[in-house]
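Labels run A, B, C and D following the written order; every chain starts at residue 1.
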Amino acid sequence: MSLHSDNCSGASPAVMAAIIRANEGSQQSYGDDTIMDEVRAQIRATFEAPEAAVYLVATGTAANSLAMSISCPPWGAMFAHRNAHVIIDECGAPEFFTNGAKLIPVEGDNGKITPETLGQALMRIVQGDVHSVQRGMLTLTNVTEAGTVYTAAEVAALTAAARALNMPSHMDGARFANAIVATNASPAQMTWRAGVDVLSFGGTKNGCLGVEAVVIFDPAKAWEFELRRKRGGHLFSKHRYLSAQMLAYLADDHWLQNARNANRMAADLATGLGKIGVALRNPAQANILFPLWPASRAQHQGAALMEDRLITSWNTTPADISTYLAAVSA
Amino acid sequence: MSLHSDNCSGASPAVMAAIIRANEGSQQSYGDDTIMDEVRAQIRATFEAPEAAVYLVATGTAANSLAMSISCPPWGAMFAHRNAHVIIDECGAPEFFTNGAKLIPVEGDNGKITPETLGQALMRIVQGDVHSVQRGMLTLTNVTEAGTVYTAAEVAALTAAARALNMPSHMDGARFANAIVATNASPAQMTWRAGVDVLSFGGTKNGCLGVEAVVIFDPAKAWEFELRRKRGGHLFSKHRYLSAQMLAYLADDHWLQNARNANRMAADLATGLGKIGVALRNPAQANILFPLWPASRAQHQGAALMEDRLITSWNTTPADISTYLAAVSA
Amino acid sequence: MSLHSDNCSGASPAVMAAIIRANEGSQQSYGDDTIMDEVRAQIRATFEAPEAAVYLVATGTAANSLAMSISCPPWGAMFAHRNAHVIIDECGAPEFFTNGAKLIPVEGDNGKITPETLGQALMRIVQGDVHSVQRGMLTLTNVTEAGTVYTAAEVAALTAAARALNMPSHMDGARFANAIVATNASPAQMTWRAGVDVLSFGGTKNGCLGVEAVVIFDPAKAWEFELRRKRGGHLFSKHRYLSAQMLAYLADDHWLQNARNANRMAADLATGLGKIGVALRNPAQANILFPLWPASRAQHQGAALMEDRLITSWNTTPADISTYLAAVSA
Amino acid sequence: MSLHSDNCSGASPAVMAAIIRANEGSQQSYGDDTIMDEVRAQIRATFEAPEAAVYLVATGTAANSLAMSISCPPWGAMFAHRNAHVIIDECGAPEFFTNGAKLIPVEGDNGKITPETLGQALMRIVQGDVHSVQRGMLTLTNVTEAGTVYTAAEVAALTAAARALNMPSHMDGARFANAIVATNASPAQMTWRAGVDVLSFGGTKNGCLGVEAVVIFDPAKAWEFELRRKRGGHLFSKHRYLSAQMLAYLADDHWLQNARNANRMAADLATGLGKIGVALRNPAQANILFPLWPASRAQHQGAALMEDRLITSWNTTPADISTYLAAVSA
């Protein structure tokens, strides 16, 4: 058991079973498998978006970068929270896929952009002045890197500010399921109804082996996405294995159940930490906690246990939480 | 059963079993899983290359494009057979990953570059003239797109011509196993001993779900490769599933056995086609055949069966071959 | 006097005088100078294109590459004659500015694409197949690299084939003036009336110091062009000096008079060479000749005089021609 | 007369005379003109750098972007003051030429990076972590965008910090002459002796029509620079006109005399503003002033005169200054 990262957990039995089933017989390659037809229908139903274009890739960085590359020209500014994964943790992948667009860090407490901080950042771009990059797009991460959650209303307010300036909005939903569970918003409410144009819909961290969907609510750029995906080396020949994961993930609310467990375990962990006097840097809203370890405690224990960031997963158990709390309380 | 593409076959039982095993417990993410340590050791042993850098990605286009991006500057010429996958079938991925290097098509019968045709192509580049792209790299596909095979000696002659002009050589080995089986060369003989600097070592088409190794024989560019892989969105968070496939693929000569079956079935198919008067465009050397269907036969039968290209796979059976031959002979 | 290249000639007195005049007083920078207003009006009048967007840059490679970058996406195929400057002589600049689009060489005698050879090249692109680059654009060079000239009707036939496949057309008119003089077409007839969407209108080789106009007949992409020009480092701060050259070039048919001299001198040179038994590889239509020097002659004389390519210029004189003919006849 | 920008001034008589002289006769093209040989020798002498590679381009954005592209890989971080021209005013040109490297804004009062603020910015990059861009390069602007000047000692301290982390340093010297005049440092002291690896040496703003030199003190990357310059469309065919400007600029300390006038006029302007109660945002050290106009004054006068930024030029006269002061004092 690890609270280090949800990337360290394996895949759920349901997802593994789907992979095994998908292995039977021949299937058309490069996304023409019959399972993908089911995935497309299921995502459209889940998001109440019958026109949406749906594509699968295997990594979150690929999903985000490709989504951003169809949303922003090379001379565009991409507004993101200053701690966003796309700024800090992707080694310049958005710059690579957009051919050099510029990420503009936006301030905000608890990992969240606000209309005010977005407004301040927008003013740094001199629209219509050829010497400056131009307004390009907004990208929001939900669950945020700080473990907090945007409500659908908060998302809507930010995308509206972007749209007023003719900018589309992307949501990095690597932990989208946890955000949905945390807010009780419907997938549609959290995305296109809140003004999100493209969503990176994460599966990997929440019980899959490696699959992310890109959901493009306005399909006008679908073909461009397909070409960029191929050109980026992200079109799988034996695509059925991506499809199978995603279909199992969506079936029977598996994605929501997994996230529900992770969020509940994080809440229990937060409660337990509070009882032993460990506060959190940000409110505990989903499955990521940033404990503020007292200096005294660090002296008494091995630092290894006291990670900056604790993440619960689809398979974290109550026993995992109590074992961990016992260890850090010792 | 399909003879349409080896991408339509599933994964072998051994590979599936490895995926299932790898799912147990927690594992470090992003390539730090313990299985990858075994993969690295196993590939170094297989290739007799104890210093080689070894990386895994999920698609052949990613493997090729990343390998080429560490081999050629943006102003370089990349010499490849005019029918090479990197020229025809990757939607410009090599151009994208190299930031605009230029693929120079090289002529050659049966899908193979010769020292003569390579020499002619090299003369088209005015080295030292700033108006022209400069000599960059050589890339060879083995098995070729024509279903033929370069011997290790042929590879060595071509890479020597490249090296004489300070160009490194890459091998697109999407079907490397089939080339090894066809030539009886050792992996070392076919690659670094023959002057190959970087190899795309395919697993997907030959019994895996989706995994390709990039083997960099001179590890000086290993760190650059890691950064480019991440930046390209090709570093898997739950990397263990790539590692598990590759480890099973290498174990007990599984990769060679799979390829041996495919090559044998193709030979049987070629013999059978010959008996009913269907010649082949290129010599049958591995697992790809290009039948020259007589016009008369096309009139009597559905064209669907008579594909331009027939490919056998790790799981093609003698019964598949006889069924197919019976159908096209009807 | 040099017949080596029209890049070795200086600037005409009229152009130099304009530069000197432009130096007086202050002027707004970055293209907002008042001279540019006159240039824009003059080019629109010359081309009978009151809506055209007009921009100035200093090199032909910049003009071509920027023009191509607004005409073709990164995954597009750019069709050009196999000897075109954009393929052979620009060190991959079109690939750089388009972010990796692919130049497809088209065959054709005398440096000219024909509807047949264009058709053959177009068939090499599998439109709608995500594995292949997609049809992007056509680019024609007039005067061609072989010294031949497309008539307006020939241009129209080729751009119509492109347009039928939804491809825009660009003309590399580094020697546009010489083509106009050679064909007696009007600028409008040779360009937008013949289906050309963007023109690189050369001044440098024909009496200027260094200026090329990019004329965009459909101005929808004008703002994108401005951003790409700035981003490419091609927006001049003291832009007045580009404007002044172009204005003098256009005034009083200076551009046509210069080209008329060059074409006439080339015709005289061709006649003179014929008289001493030297044939030409291509018809002499503009200001470039490719003499087929007899082997016997090469033995008697220094090879230096007998260049592969002879180019006349705006300031080549009858005396230059007779001196040269005398020298090679000696 | 304009105090709006030094880009609005014309060229000096000496530079114009050189252009006119250079127009005589034929010259080799593409940088092989004999004048360039003199420029190279002169710059090497001026900078006491007999091995330096020297190239000319026509715009500051081209000089900076090309210089940065040979200094930083695509996955590198480029550290620059947050108000630097390369961050704010070049529409993403550095990102374009470096293929997507990331500009990291560094804080600092008066437009100047300090060792402390540089240290803070450097800590934001997790070197050796593949998820983060890696330390790439440092770029300093001298004269800064705030009109202040780095001393040679300040430059040396910053480049030493960069070098300690294996990063090369670039100087954007669009107003290098003004910095030399302001500090009395020698060109060598301000550049390679202070750890600068590549210099953009500006001519345009200080009396030329349009020419900037890129001086590469370690010529190992000279050939790469040449290829990138060509590929960027920045190699002039009639290169003699760039050479002529630069040669005249360097002759007889013309560049220093021009800057001396500009700096002196700015000092006079600062004094005059002080006398009428207008303070400056930053110390007046070179030729750029940022007046802090009192609100009361703005009500009495047209806002047009009271620009945020005042810039003096090589040809600003004492009469210009007194006229301006009289106008804003009225």
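One rule holds in what follows: a contact is a pair of C-beta atoms (placed from the backbone, for glycine too) under 8 Å apart; a residue touches a chain by one contact, two chains touch by 3 or more.
Please read these numbers as outputs of a predicted model, since none were measured by experiment.
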Counting only C-alpha atoms to place each centre, which chain is farthest from chain A? C
Count the C-beta contact pairs for B-D and for A-B, then tell me which is higher. A-B
Using mean C-alpha positions as chain centres, tell me how far chain A is from chain B in Å, no decimals. 34
Using mean CA coordinates as chain centres, what's the gap between chain B and chain D in Å? 50
Could you tell me which residues belong to chain B and also touch two or more other chains? 30, 74-75, 90-92, 96, 99, 130-131, 227, 230-231, 235
Under the stated contact criterion, what part of chain B meets chain D in this complex? 30, 73-75, 99, 130-131, 134, 224, 226-231, 235
Chain A residues touching chain D - in the complex, by the definition given at the top: 74-75, 88-92, 95-96, 98-103, 130-133
Please output the residues of chain A touching chain B within their complex, sorted ascending. 1-2, 5, 7-11, 16, 19-20, 22-30, 57-63, 65-66, 90-93, 96-97, 204-205, 209-210, 227, 230-238, 240-241
